[in-house]
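In the part that follows, the structures are each spelled out as C-alpha cells.
Heads up, the next two complexes both have subunit A, just with different partners, subunit B and then subunit C.
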Partner chain A sequence: MDSRTDLMSLPAETSEGTASRPLLEVQDLTVEFATRRGIVRAVQNVNITVAKGETLGIVGESGSGKSVTSYAVMRILDRAGRIAQGSIAFSGLDLQTVPESEMRDMRGREMSMIFQNPRAALNPIRKVGRQIEDVLLQHAQVDSGAVSERAIETLEQVRIARPRERYHAYPFELSGGMCQRVVIALALACRPQLLIADEPTTGLDVTTQKAVMDLVVELTRERGMSAILITHDLGLAAAYCDRVMVMEKGHVVEDAASGTIFKNPSHAYTRKLMRATPRPGVSLRGLLPEQEQPRADQTKTVRRTSSSTASDALLVVEQLVKEYPRKDIPTSLGKIFSRKPPVETETFRAVDGISFSIAHGESVGLVGESGCGKSTTSMMVMRLIDKTSGLITFAGDDIGEIPARSFATLPSRKKIQMVFQDPTDSLNPRFTAARAIADPLLRLGGLGRGEVRSRCEELAMQVGLPLEFLDRFPHQLSGGQKARVGIARAIALKPDLVILDEPTAALDVSVQAVVLNLLQDLKDSLGMSYLFVSHDLNVVRLLCDRVIVMQTGKIVEQGPTERVMEAPEASYTRDLLAAIPHPPL
Partner chain B sequence: MTETTLNASAATALKPARNSIFSHAKYVIAENPVTGMAFALFALIALAALIGPYIVPHDPLASGTAASLKPPSFAHWFGTDQLGRDIFSRVVVATRLDFIIALASVALVFVAGGFAGIAAGFFGGWTDRIVGRISDTIMAFPLFVLAMGIVAALGNTVTNIVIATAIINFPLYVRVARAEANVRRDAGFVQAARLSGNGDFRILLIHILPNIMPIMMVQISLTMGYAILNAAGLSFIGLGVKPPTPEWGIMVAEGAANIISGEWWMALFPGAALMIAVFCFNLLGDGLRDLVDPQRRT
Partner chain C sequence: MLATLGKRLVTVIPTLIGVVIVTFLLTRVLPGDPAVYFAGPAATPQSIADIRKSLGLDRPLPEQFARYVNDLAHGNLGNSLSTGRPVATEITSRLPASAELTLLGLILSLVIALPLGILAAVKQGSWIDHTCRVVATAGVSLPVFFTGLLLVYVFYFQLGWSPAPIGRLDAFATAPPQITGFYLFDSLLTGNFETFRAAFSQLILPALTLGIFSLAPITRMTRASMLAVLASDFVRTARASGLDNRTVILTYAFRNAMLPVVTTLGMVFSFLLGANVLVEKVFAWPGIGSYAVEALLQSDFAPVQGFVLTMAVLYVALNLLIDMLYGVIDPRVRLEG
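Up next, the complex of A and B:
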C-alpha cells in the first residue's frame, strides 16, 4: 500500500521539481548470478546517482557489468540473477519493495530502455504504428479514439519522414537507423523520466549513429528527462554525456564529469581504455599500454619502406561488377511451383564497376557504410562468390574467370586468405583451436600429420595464443583469443594477400588495440598485403597505406591515407569523418 | 585420425580444458532428474533386448491349455494368455524385436533423410526442389495408411516393416536437416572452410553434419518411439510380425478380444511396455540434446 501511494504522488512531485533529491539513486548494489561454477558476482558495490535532466554515460568493456547494472535498475534480470545487496531508489521510491505488477506499469511509463539490436526489439509481424499504440494503450496514456494520432505524432517527434505512411510499415521495410528511431519512439511514447540506452548505436553506421545520438540527446534535453547511456565507446560517451562512469569487472573505477575524465583520468584502467581508443594523431603503437611502447619507431620505418619499394601490383581489379536479381528469376520448374508470377527481372548492382590495385606488401583500406558493396567486393576478390563482369588479376593470373565453386581446391587458394568479421561465427563450434588452424594446412598445406601440430604451435606463438588454448573449443575462448585463432588460420599457408573483413568490429577496444598491432607485426615480418575492409576510418588510418572510400557500389575517393583523412575531396568522405565522435582530448 | 594425433602430441599441454563426458552427464542429469529417469528406463529396455530371452522364467512359445487365461500370480507375474503362454516372458522377449525394428528403421532414415536434407539445405536449387517434392509427396498420405500400403505391397516381413517405417519418417528428417544446414550455409566457419580448401562434400560431412548432430539426436530419439509404435501398430492390424512370435502389437491385438470377458492382463501389460518405451524415447530426446551440445560442455 505504501508503495502505491508513493507511486501516485510521483508526477506531482516531479512537477514541483525537488532538485535536491536525485531521480535515481543506486547504493552499494551487488548483483549475483547462480551458475554451474557457483555464484558469480557480476556487479559489486556500485553506487550511481542520476540527477533530474542529467545524462550519465556508463563505459566499460564486455563483462564489466554495465548492462547488468541497468537490468537490475529495471528489475529485468533473468532468473539466475538476483540483487544480493544494496538499494535502488527511483524518485525516492525503493524499487525492491515495489510489487512486480506495479513495476511492470512503471517500466515504459516512468523508465524505459532502448536495446542494442533495434530489429530484435520490434515485433516483426506488427506494423510499427500499432506497436507504438500498444505501449500507449498499455499505460493508459490516451483513449483508443485518439491513439493513432498520438502514434503518428510520436513517429514525427523522432524525425521519421512521412510518419503517416511509415505508421503502416513493418520493421523489415525500414533500415536499421529507422528501426532504432521507432524503438526510441516506443521508449519515449509515455514520456518517461528516465531513459536507459544500452549500446543504442552498435551495429549502425557512423552517420546513422550520429543522427540517432543527436536525436536521443535532443529529445531528452527538450523534455528534461534523465538518461543513462551504456556504451563501450569512450568517444561516444564523452560527446553526449554530462558525466561518465567507468566500470571494470563489476566495479566502478571512476566517476567524473565528462570534461574532467578525459583531461585527467585518475584511474589506470580509464587511461588504458583511453589510450586504446583509436583517434586522430595517434600511431598504432600508441594504442598499447605504456609498458609495451619501445618498439614503436622502428616498425613505423619498416612499414614506410615496404610500401615505397613495392611498385608492382599484386592484385588488380578492373571494372568489377556484381549484379543481383531483385527477385529470384524463376526457372522453368520454378514457374510451375511458384505461387506468385515473376514481378520484375530488374537487377540490382551491389558493386558497380570499380577498379583498384594492391601492391606487394601494401595495405589498403576499403571503407564505406553498410550496403555500400565493400563486403561483396571482398567476397569476389576472395573468390567466394562469382562476379558478373570485370577483371580480377592476382599475381598476373586472371582468377576472376575461375568459378568460385572450383576455386576452393586450386593451389592459388593458398595465396589469398581472409580474417572474418565475427570471430565466433567463423570458427566451427566442434573444432578445437588447433583443429581450426590445422584445417588449411591439412587441405592445402601438404604437410604430414606430425608436422601439422608443430606448425600449429608455431602459428599460435606468432599470433600470441598461449599453447594450452590450442586444445580448447571456441566457446571456451575469449573474443580476443578467437580472433587470434582466426588470424593464425588465415596466415597458416603464408598467403600473399589477406583480406581483413572488419576483424576487430566485435572486439573490445583494448583487445582491438592488441589485435591491430599484431596484424601490423605479422605484415612486417611476413610481407603480406592487406585489404582491410572497415566502416571505422579511425582504425583504417592506423593500419593502411592507402584508402578506398565506397558508396552505393562505386568508389568515390581513393588515395594515400593521410591525404584522404586530412583533405578529403569527396563530400561523402567529409560526412564520414565528421560523424566520428571525438573524445575531447 | 587427425584429432587423435593432434591430441596425442598435445599431451604436454597444461591441463585438459574439456571435462569428461561422465561429469558432464552427471551435471545434465542433476539439473534435470527426468533425464536421469529416461536414461534408466532406456538402460532397462536395452538390457531386456540384449539378455531378455536368456533370463525369462518361461519359454515364451510354450503353451499349455491347463494354465490358459490365468490372472497375474507368483508363477506367472503378468498372467497367461489363451494358449497358456507366460505373458511376462513374452513381453520381455518381444523387446528385442521391437527394439531392432525401431533401431534399424531410424538408422536407415537418419542416413537417407539426413543426407538428403543437408544436401537440399546446403546446395539449394534443384537438389532442394527434388528432395522437397519427394518429402511433400510422402506427407500427402496419412502416414500409417502409407506404411500399411507399403507392407501390404512388399510383403509381410520384418525388413519391409523397417523400410515402411523409414519411409514415413523420411520427411521429418529431411525438414530438420534441411533447415539446420540452410542456416549454416553462409556461416563464417563454412566460408573459412572453403578458404582452407575444403570442397562442398567435405564441408557437408566434416563441418556441417557434426554441428547439426545435437538436433538430429533429438529427432532420432523422438522417432525411435514413433517407430516402435508404428511397428506395433502394423502388427496389431495383422500386417507385420506374424504370430506366434512375441511382439507387443500382436499381444495387444490378441488381448483386446479378451478384455470384454474380464482378462484385462493380456492387453494391459504389453500395452504398458509399449507406452513406457515410447515415453522413455521421447524424454531421452531432451537429455541427449543437452549431452551432445558443445555449448553446454563448459
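Up next, the complex of A and C:
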C-alpha cells in the first residue's frame, strides 16, 4: 500500500509540463449498433479527457457502454457498431480521419489494451513468447535477431518468474493471473502512451487482482503512461485511479477525482452504486436503495430467530478427502520443474481432510482462492461427486456412503439443493422459467400437472419474479431475473440445506444487493441452512454467521464471521483481507 | 511424439481384429450363393456341390475363418472367381490409381476451397461470401457423373484439349515401373516426363470432377470454423495490438480454425476413395471402387472381403494420421494423447 501511495504522487510532476494538451480527448461521442430491433445507441454524447500520466477509471454496470467507449477509441468496434457522432483526438491527432493502415500501426505502439478473461485473450496454440514477438516485430521495435531476447525481457518486466522457460509455454499451461501478466506484457511491449484495461481482474482471485493491479499501476507510472481502467468495481477504480467517471446506460453521469467521488457522490446513480457495493461496516439491508429499506424492527427480530435455532447440527463433515489422479505434467512444464527432483505422488489431494458442521438455520461461508478445493467440497456435500474418504452426515444419515450416481433419485436429494454460479449457463436455454422451476418438482416432487403450475407461481412470488415472466425463455430474462429462477428452482422442494456457489458473481452490484437480500429473507422465512461458496469476503461477511477459510485443500481458519473478519488468526486470512481494494476514504 | 504414436498403434490392433471378423462374416451373410453363380444356369446339384467343395464352402464356419486368417497372415487375399487373378495384386494396382485420383482431386479442391472459405468468413455478407455459397452448393448438387460427362464433353469433345477418357494412360504411353503406384510420382522418379504429361492429362478431368464435388464440405467448414474463431477474444487482442490482417487471419485465426477442417478433409478423402465408382466408370478409371462393385454384383466374395479390409485399414491409418495432425496443430491435444 505504501509503495503505491508514493507512486500516486508522481504523475502530478511528470505531467505538469505538457498538461496544456490532454493525451486523449473524446468529445460528444455517440456509438450506434445496428441490431435486429433497429439502431441501438450504446454510448451517447460522452466526453473524456485523459491527461498525460493520468489514470482514469470508467465505472458502470453491464450495458453502461463503458467497454464500447474504449473499443471506439481503439477503433476496434465490431461490424455492427459505428461512431455516429463526435471526435476522438489522440495527441492532437483526429483518429477518425486516420486511415486504417496508420491506425493499425498506432494500436499496440501508441495505445494498447488489456482484456478480461486473460486466458481467452491469448492465442491458445501459440507460445506466449511468440505472441509477444509478433507484436514487437509488427511495430518494428527490434530486428528479428534480437526479438526473442526482447520478448523474454518483456516477460521479466511483468514479473514472470523464469521468463526464459515461460517463453515456451502455451496459455493453457499458465494460471489465470500469469496469463493476465502475459497480456499486460503484450500490451506494454512497444511502450505505448495509453493503456486501456477493460475489466482486467474480473474472474481473478483477490490476491491475484491486487498483484495484477499493482503491476499495471507501477508500470504505467514508471513510464509516465496514461491509463484507462474500465471496471464494474467502484472500490477498485477509486483505489487505483486519479479520476473516476461513472457511466449509466451510455451516458456519463459523474466525473470527479476519486477522493471526491467517494466522499460526496453528486449523482443519484453513483450513490446507488456505492450503497450497493458490499464493504465493511454495512449491513445487508444497507445495500438496498433508501426507498426500498424494510422497517428496522422487522429485520432485527428475523436475525435473532435465525441465530437462536443454530444449535443442533444439520450437516457434519469429518476428515473429508478427495483425491484425483495426477495428470501427466506437460513436457514444457516438466522442463521447468526438472531442476528439482520430481515429486512422485500419483494422486493430487483437492480436499485434504477437512471437518466442519452446519447447524439448522445457519449460514456458513466457504471462502478461498481458486484451486483451494472449495468447489470440490461443495460438490461432495451436494453428492455430485464421490469422496475418497471421510464422513458426510446429513440430518443423522451417512450420505457420504451413497454413490453420487444413485443419490439423485433418493428422497434425501430433495433436502440438499444448489444455486449455481452462472445464472445463464445453469438454465436450459430451451426451457421457460416455469419449466426450469418445475424440473425438480416433476422429478422428485410427486405432484400433478396442475399442482406443479400453482407451486411454480407460488415460488415465483416467493423469489419476487413477476408471474408474467414465468413463460419466458432465459434469453428473454435479465441477469437478476435468471438468478431468481435459479433460486426458485433450488428451493422448490423445500430443502434443508442450499449450497450457493458464488450465486452473485456474474451479477451487477445493484442486482447482487437485491439477490443477497432475497436469499437472506428466504432463509429466514423457510428456515434453511446455507453453505455459501465465494471468493468475495465482503459478500460473505454480509450473509454468513460463520466462515470457513480454505487454502490448498485444508481449512486454515473457521469461526464466527465477525471474529474472522476483524481479528483473523491465520496469516492467509489476513492476506485475503488485505488484498480487497480499499477505496481512499 | 513417437511414444504417443506407439501407444496409438497398439490401440489400433483390436480394431483391426474386429475388422477381420466382420469382413469375414459380412461376406457370408450377403445374399447370393457363389457356388450356384459359378456353376452356371445348367448346373446339376452335383456340380454345385463340387464347386462348393473346391471353394471350401462346405466346411464349418470356424474352419473357414481359420483358413481365411491363415491366408491373410501370408498376404494372400484369395483369388477372384470371375477373373481368376489374385485379389492382392488387383488391389495393389488399383488402390494407387484411386488414391492418386482422390488425392489430386482433394488438392485441387483445397486450393480453391480454403482461400474461398477464409475470404467468405473475413468478408461475411459480401459478394465473395455469396459467390462462395453458390459455388459450393452448385458443386455438391451436381451429380459427379454429370459433372464428369460435362467436362468430357467440353474439354475432349468440343475443345479437344484433353485426351479420350480411357483410363490412366492413353494407348501410346507406357506405364512407368511401379514404385509407389502413383503414375505421376513414378514417372517423375524415373525421369520419364512424357509419361508424366500423359498421365497428368488423363488425370486432370476426373480429379477436377471429384474436386468440384468435395468443394462444398471443405469451403463450408472452413467458413464456419473461421467465423467462430474470428469472433473470439484472442483475435480481438491480436487486432488491438495492431497486428496486420495477414498475421491475424492466417497465423492467429486460420491455424485455430484448422482442426474441424482437417477432420472434414479426412472424412471426405476416405469417402471419395471408396465411393467414387461413378467417376471411375465415366473415365474408365481402373480404380478400387468399380472393382469392388463388380465383384459384389457377382457374389465374388474374395475381392469384396479384400476391398472392405483394405478400406478399413486405410480408414484406421487415416484416422491415426489425423489424430497426429491434431497434435501438430494444437498443443492441448498433445497433452491428452
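One rule holds for everything that comes next: the second predicted complex is superposed on the first by the 538 of 585 C-alpha atoms of A that agree within 3 Å, B and C clash if a C-alpha of one lies under 4 Å from a C-alpha of the other, contacts with A are read in each partner's own complex, and residues count from 1 in each chain.
Everything that follows uses one rule, which is that a residue touches a chain if its C-beta (ideal position, glycine included) is under 8 Å from a C-beta of that chain, and two chains touch if they have at least 3 such contacts.
These figures come from a predicted structure and were not determined experimentally.
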Counting touched residues of subunit A, say whether subunit B or subunit C comes out ahead. B
Figure out whether A:107 sits in contact with subunit B (first) or subunit C (second), or with both, or with neither. second
If you stack the two complexes on chain A, which partner ends up touching A:409: first (subunit B), second (subunit C), both, or neither? first
Using the superposition on chain A described above, determine whether A:489 touches subunit B (first), subunit C (second), both, or neither. first
Between subunit B (first) and subunit C (second), which does A:251 come into contact with in this model arrangement: first, second, both, or neither? neither
Look at A:471 in the shared chain and tell me whether it touches subunit B only, subunit C only, both, or neither; answer first, second, both or neither. first
Output check: A:417 vs subunit B and subunit C. Expected answer is one of first, second, both, neither. What do you get? first
Regarding the shared-chain residue A:271, is it in contact with subunit B (first), subunit C (second), both, or neither? neither
Based on the superposed arrangement, let me know which partner A:76 touches: subunit B (first), subunit C (second), both, or neither? second
From the superposed pair, tell me which subunit A residues show up as contacts to subunit B and also as contacts to subunit C. none
Across the complex, what residues on subunit A touch subunit C? 74, 76, 79, 104-109, 112-113, 115, 117, 120-126, 134-135, 138-139, 170, 172, 183, 186-187, 328, 330
Provide the residue numbers of subunit B that touch subunit A in the complex, in ascending order. 1-3, 5-7, 9-10, 13-18, 27, 126, 129, 187-189, 191-200, 202, 207, 210-211, 294-295, 297-298
Would you mind writing out the residues of subunit A in touch with subunit B in their complex? 36, 333-334, 337, 382, 384, 405, 408-409, 413-414, 417-418, 420-422, 425-432, 434-436, 438-440, 442-444, 449-450, 452-453, 456, 467-473, 475-476, 486, 489-490
So in the complex, the part of subunit C that touches subunit A is made up of which residues? 124, 232-234, 236-244, 247, 251-252, 255-256, 329-332, 335
